[in-house]
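Quick heads-up: structures coming right below.
Look at the two complexes coming up: subunit A is in both, with subunit B in one and subunit C in the other.
Let's look at the complex of A and B:
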């Protein structure tokens, strides 16, 4: 009878608690969880005991339906366990083994405490329960990994768009990586805000780190240049590599701005426009000495 | 009717837009400015839009128009103090305002007008002499 099966499983667990826990911990230890040193034995014990007590509570309240309300605390406990494991660099199967290694001890306990046909029925139920819980583990593991990826994406896009002050009124924007519309937006906002903050008149956009320049990227660049001009700052584009220059010409891309091949050239132009120049100190010293 | 004041500073006219521009206000400004350029024979027009937070295509076109009209009347237009968000909006609208000169703030804008007026004087003075 399905109504009583969960209470029977509860009874099995209650009767063999120490035995099951001991065997499970043994299985967990063998499952290489400890050898790598990523988790300490006391922590593993706490996790196992915590899971076990939550499981008993869940069985009492929620029966065998893993999606029911009674399993909420157990699910969040599992999510926490897989979160910590995901962050410590466990593989998905290693994380799932935490739950799956409980199967064997539970089977053994069920086999001991009932006749053959009842044991087979309990075995099936236990199997389903543990499988469901294992899937939950994988799901939360996956979620954590996706969060990590998203965070890294946003960090990369922030890291790769710094605005550097080269001189009073001269900014440099070294672009690294492919320019898509989302990144162009970030780049543009960063640059324009820095123009306001530094009171810059000239901004050098260096595209040495941009692997390819197609018509779309060129359009993004031109948008940035146009926006900077509206704010009252001139733009110079530098760091155009030979192959990129050729591709641009083949594609018919026409950047209607001052372009220079290196950042140094662009900086020289910027200084010239600001009415400044770089001189050799020795030559001045020599002249005054004479 | 509400109007935007136009101040005369030497050879230049100074317009500071402090309120939200609506279309009628913009058209009134265009009319007033044209009159004032002729009256005062100004050589430069400086429009400070640092308090302008919202622009639409109409205001963008108005800026372009003012620049074109001023150029015909021999006055240089400089738009100063555009906010980053406004600049991005105008670019996305496809209004790059290519006919308008820009500067970061009123001080730099005035310097730009001063430089251009001086160079215009220099050439016209030579022509006359």
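Let's look at the complex of A and C:
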């Protein structure tokens, strides 16, 4: 009997095609797929009809084994549907409901077209088939979300470590967020490269945006400072808030560099070391005026 | 005010350390800690969570709010089943490390908190409890 199960299911689908499709679309509409406006009715219709015709092809060629080659086109079709839904911000269950809502119409059709025991058997097979397809949907959905996360991670690590030029020979590196190892590596490389590019003599590392400074963060900072020193640039660490200062004292961390509480103070020190100063324009104007 | 019930957080990756810090910070804010006290507790939690991860091979932390009379505090219990610490006194010394860190984390965590206890059996794991009370 198992050899012909799929052909019987095929037959059930063929015989009740219009009815199943109609009920499924009804279920999809009720499943709030339309209300949020993220998907238009024609698109939903196309997706449902596309899925349905691929399913019939797959049943003919691949029987009930979802992982077989006969299901390849159906699987890639499903992957595409999950992809677009994941990108549109659907939840995993909303995405899976696309497939799962087909269960009821198929059950009903199976129940009508056979006696009780055969119908139960068909029902079980349909159940397994739809579950497998639903899991496929979730898997593709998950994959897309992971891709999004990975892309965002790399975007964040690049975006959040800009090196800015404050003055000729003075760079600033405003650090924001968690300083884990991977990001610190990017930070250090950016800073060292910028020191070369700008011929900088002084680099101000501002940690105002770093919420927690523990020994690992301190160690990363010290290593960055040491590397910059080897390249002939002096570092100033700024943005040390009162609570951070107290915590670092208790930790016993000794930052062997010039530190300042604000970026402005650090900039003033940098200018002083460069032999420059900021003056009030009016006072110069007053002196030079006749 | 409704108090968040005690929660156990896993520590098995670098992201978990970040999550532990965030959970501890929220807990400290809820207990009414000042900014300095929050920062101290969060930093101590960060040190110990990283120790649990790097030296203990991962584990978990129990985060809870505690009461003693009218005083409120936050208690963290870190637990791992790693190699353990053979010589605790030495591990607490500043500058001692078996890894590549600064060797200040464990002693620092002790100085940053009010209560500190450590139990370790070589080969079986380590349990470290820290607590900090709100100044009244």
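As a working rule, the second predicted complex is superposed on the first by the 289 of 290 C-alpha atoms of A that agree within 3 Å, B and C clash if a C-alpha of one lies under 4 Å from a C-alpha of the other, contacts with A are read in each partner's own complex, and residues count from 1 in each chain.
Just so it is clear, a contact is a pair of C-beta atoms (placed from the backbone, for glycine too) under 8 Å apart; a residue touches a chain by one contact, two chains touch by 3 or more.
If you're wondering where the values come from, they're calculated on a predicted model, not measured in any experiment.
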item	value
Side-by-side fit of subunit B and subunit C on subunit A, or clash	fit
First, second, both or neither for A:9, with subunit B first and subunit C second	neither
Touching partner for A:215 - first (subunit B), second (subunit C), both, neither	second
First, second, both or neither for A:253, with subunit B first and subunit C second	second
Subunit B versus subunit C as contact partner of A:240, first or second or both or neither	neither
Centroid geometry (CA): angle subunit B/subunit A/subunit C, rounded to a multiple of 10 degrees	70
Which superposed partner A:202 touches (first subunit B, second subunit C, both, neither)	neither
Shortest span in Å between Cα atoms of subunit B and of subunit C, once chain A is used as the common reference	11
Subunit C-touching residues of subunit A, taken from the complex the two chains share	178, 180-181, 211-216, 218-219, 242-244, 246-247, 250-253
Footprint of subunit A on subunit B - complex, ascending	79-84, 86-88, 90-92, 96-97, 102-105, 108-109
List of subunit C residues in touch with subunit A within their complex	14, 18, 21, 25, 35-36, 38-40, 42-43, 46-47, 50, 94, 101-102, 104-105, 107-108, 111-112
Touching residues (chain side subunit A, partner subunit B) in the complex	185, 188-189, 192-193, 195-196, 199-201, 223, 226-233
